[in-house]
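The two complexes that follow have chain A in common; it is paired with chain B in the first and with chain C in the second.
Presenting the complex of A and B:
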């Protein structure tokens, strides 16, 4: 009797017709990840994403390094949001050591972060259009993004690894003079104009709208249950943006962009509409840039317990933690936003045509390489 | 017909085929460099690269055997495609009109059908390395569904090729039927003669509708964006063509360029009454029509995303409806 009861209570296992494995090398996926699509008549019934092929163990490498070296190493975690990583690792150390940062340095850090958000969102939109098969829009976005990349190079001296934030402020070469401020303003005018034109054409294109509307739907409840973060969460109608809780963003006015449908269209629109908000923040920061020093050098190193910091980066919530001992890192944890969004990506694939599955993954703006470098996921 | 006439006819056929080869190698370059790259504000490849230099390069590459149950047949398919395309061109040449049954629309449709079916054969005969089972931890450690039979991405392509044959080729056949209905004959010779007497089919309402429908059918047959679900890079990448390497990939490139030229020539024969003939200056008009088709196709592709079947079915249904209207108009 008991045995029957147990048998009856066992959940019925979903019978899957066919599996289509993609990756770890696939032309539509820029990064190395593996997705197993369980399909019936080309409709995805379930999906499973596996990452971990690019593991570098950055957290373990950082242990034992002087904190300044560890900070520069965090920048190597991601090629797209490198500034976010170094900024957050510096923020953790500053928080742990009680270092005051000059206001001018705070403003320049914000400018860097928002420039990075601009180029990350434009890269996302370009990649999304490439997966859609619309090469012209993709090329157009790369062309607009180039202006932002040049601004980042002007400030940081490099197009990928800027190394702007250091303990107590920013590097001297990243300080802004009048010529640089003028170039930033001109760049923002250009990007704002071109992106508004792009958005207008994008939204009014019936073929694009047909491909992205109602595809890869992630419901609000699912997004919250799966702990999605960043624009992926906001595309489901949840108005959460950590920037509103960060004291670094207190001087700036901006809106939190949300969409309600949770599909590819909503995800794309959230990013498109976040671009003018980022420009708004940059304009405010440049206009009200305080005078004064950019680095506070009067601080001392001492042992600290585990200190944590969360910031809002282009893809969502980024977590860093440090514990310091004799000026070196004793403990370090990095959690990139994509790790939180993997569940959302799998969920978004369900119900899609197999051709739209990559699109459903890409809509969550994955950055598996940076996720891989820091951590390795092992299923038990 | 004297021996000299026969000899001239044979030389004319060979000459026209040579012209077809010479023109077709430049078409992919025109498509990608002059049109798409310009629209996309980038430099693009050299004009000779996609159609001429790339096949030459592939001819000298090391031969790699495809992962296929019948590799020799799989490798032979692009060559068969080229031969069929050449036959398509020969059907519409005036020198071969004496072979009445061979130069009819029935033969044209039959050869086009074989051209389409080749993709299905390619799909079923190919199993790319991208789908080969790899020993991944997710298979052995707590995978969601560990023992599910696997499908190769080429098999998906093959199924899509079947759907394209069943549904996607409606427009081109409907469009071909319009000149047939107007001329009242299935023979190419009669269709050309009808147009020499009454003016080109294109200059009628039915002809205009037919031209529009033919153009979309042309794009579907070439698997060009937005109708390239057979080789969309979002999932099946190159689809049935993925495993072709070295000279066999060169054949694929040559076959595509040649097919653009031949389909444009079929259009100029059926809708303008100008068959490809090296002995006449009108061969220049065939080349102009080919260029027009290439340019239009490149523009449409540059501004389109890839359709999935959700978009593909209604669009093809709409175009086919236009074709039916064209046929009705041809009887008026």
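Presenting the complex of A and C:
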């Protein structure tokens, strides 16, 4: 009886001809998620992505923890954009408690965030090239990315989760001295040189270009309707970058990169062209790095209502909210960029050949391990 | 060294399974095999996504409740002899996700990997370093090579 009821309530997708299910662990999809492709004559007519396999309940664990501990826990949400999570959660707590951050700390946070954007975009490009079947480009990008990883390790002490931001500033370990600044400048020179070489070769490769042009098209109207965010939205021609509205990015000059087509080519090119912009920001930040303290320790903890913050991270728009009570987290919500882009992934699959479906999903820069946030596990 | 183990040592295929970690370890392992800096392929270690091809299973992440069944199925699908490497703090002891409150057990996590499938080598770190992954792969090799 119950079973019948459940099947009646499931939203019905239009099934045409064949259904190709992939997942939860599949050899073509690296991360665990489930995608159902409804295929007619090898053309994808409809797609459905299910996430929730990775649900770990981070927000539930965060409730009741002291703010400092909860902040470092947000870093474990995602291993690729870990700095953005800890940065945004610290920003929320600082906004709620009215903590002023020294300017030098702001600059170093920006440097970390932009370094992270570099390594995230290069990882995206490497992954995209691997899915395309071009392993040489993929390895080349991993080689360039290694420089950025070494810089992150030098500043934060770890290759993946560096935990630079703390309440009121940054960790003393992450302060930049003359030697580190020089290494950052050298690294940026290297990355800029190699990435421009890569971009030249990538764009002038007729095989690659014919493979990715016109595949996985996401229209501008669809992207806006599905509330896509970040580079995925910018690749459809919408010039929205939250960094332009953020107070932290006021001292820096950079351009918002847009492309018009919304296909795989535009998505890859947006990321390729955003790398020099990130390098530009890092160079400005290193050049104009203000003198002074890095941590403001004169603040008090008090109860706050729910405070929210949006920032632009490599993959889109990230939302954090905190409500504090007696120095502990009473409420916390995290909304990662990939969950906004799931609709875009499904839309981009439609109309593709079935062999391009994986590419259409990958073009939206999915990170399903950090997406499994807003999902509740309901036991039936 | 018998002919079988001689040939096995020349093509070790590693399969990577995500079971709910944060992606950090996974990227580092892929990086370790793909990136020309660490380049595990020079030691004849290759990455595969097919359990039928694989010799070594690398598991990252605390095993979430949804991932327990697929993980067991993948372990069964790998032909003998096989070795399992648990990589990262989450895979070794649940990391930050396992029972962090003490009094509230978390329902979503099935615990460390060695409670679900037998583990041969353990690689610590949050996130694991590529050098440690190579060391873990080397530690798991004798089980493959000594098998009849």
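In the analysis below, the second predicted complex is superposed on the first by the 357 of 380 C-alpha atoms of A that agree within 3 Å, B and C clash if a C-alpha of one lies under 4 Å from a C-alpha of the other, contacts with A are read in each partner's own complex, and residues count from 1 in each chain.
Definition applied: contacts are C-beta pairs under 8 Å (C-beta built on N, C-alpha and C of every residue); 3 or more make two chains touch, one makes a residue touch a chain.
If you're wondering where the values come from, they're calculated on a predicted model, not measured in any experiment.
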- [ ] Determine, under the contact definition given at the top, whether A:31 touches first (chain B), second (chain C), both, or neither.
- [x] second
Task: Which superposed partner A:232 touches (first chain B, second chain C, both, neither) - done: neither
- [ ] With the two complexes superposed on chain A, say which partner A:60 touches: chain B (first), chain C (second), both, or neither.
- [x] second
- [ ] Answer with first, second, both or neither: which of chain B and chain C does A:258 touch in the superposed model?
- [x] neither
Open item on the list: With both complexes superposed on chain A, which partner does A:143 reach: first (chain B), second (chain C), both or neither?
Closed with: both
Task: Touching both chain B and chain C, residues of chain A - done: 25-28, 52, 139, 143
Task: Residues of chain A defined as touching chain B within the complex - done: 14, 16-22, 25-28, 34, 36, 38-39, 42, 46, 48, 50, 52, 129, 131-136, 139-140, 143, 207-208, 210-211, 353-359, 378-380
Task: For the chain C and chain A complex, residues of the former touching the latter - done: 16-28, 30-31, 34-37, 48-50, 61-62, 64-67, 70-71, 74, 95-97, 100-101, 106-109, 126-127, 129
Open item on the list: Under the definition above, what is the set of chain A residues touching chain C in their complex?
Closed with: 24-28, 30-32, 52-58, 60-61, 64-65, 73, 76-80, 82, 123, 126, 130, 138-139, 142-143, 145-146, 149, 158-161, 367, 369-370, 372, 377
TODO: Note which residues of chain B are touching chain A in the complex, please.
DONE: 36, 39-42, 130-131, 133-134, 136-138, 141-145, 148-151, 153, 156, 159, 225-226, 228-229, 232-235, 237, 302-311
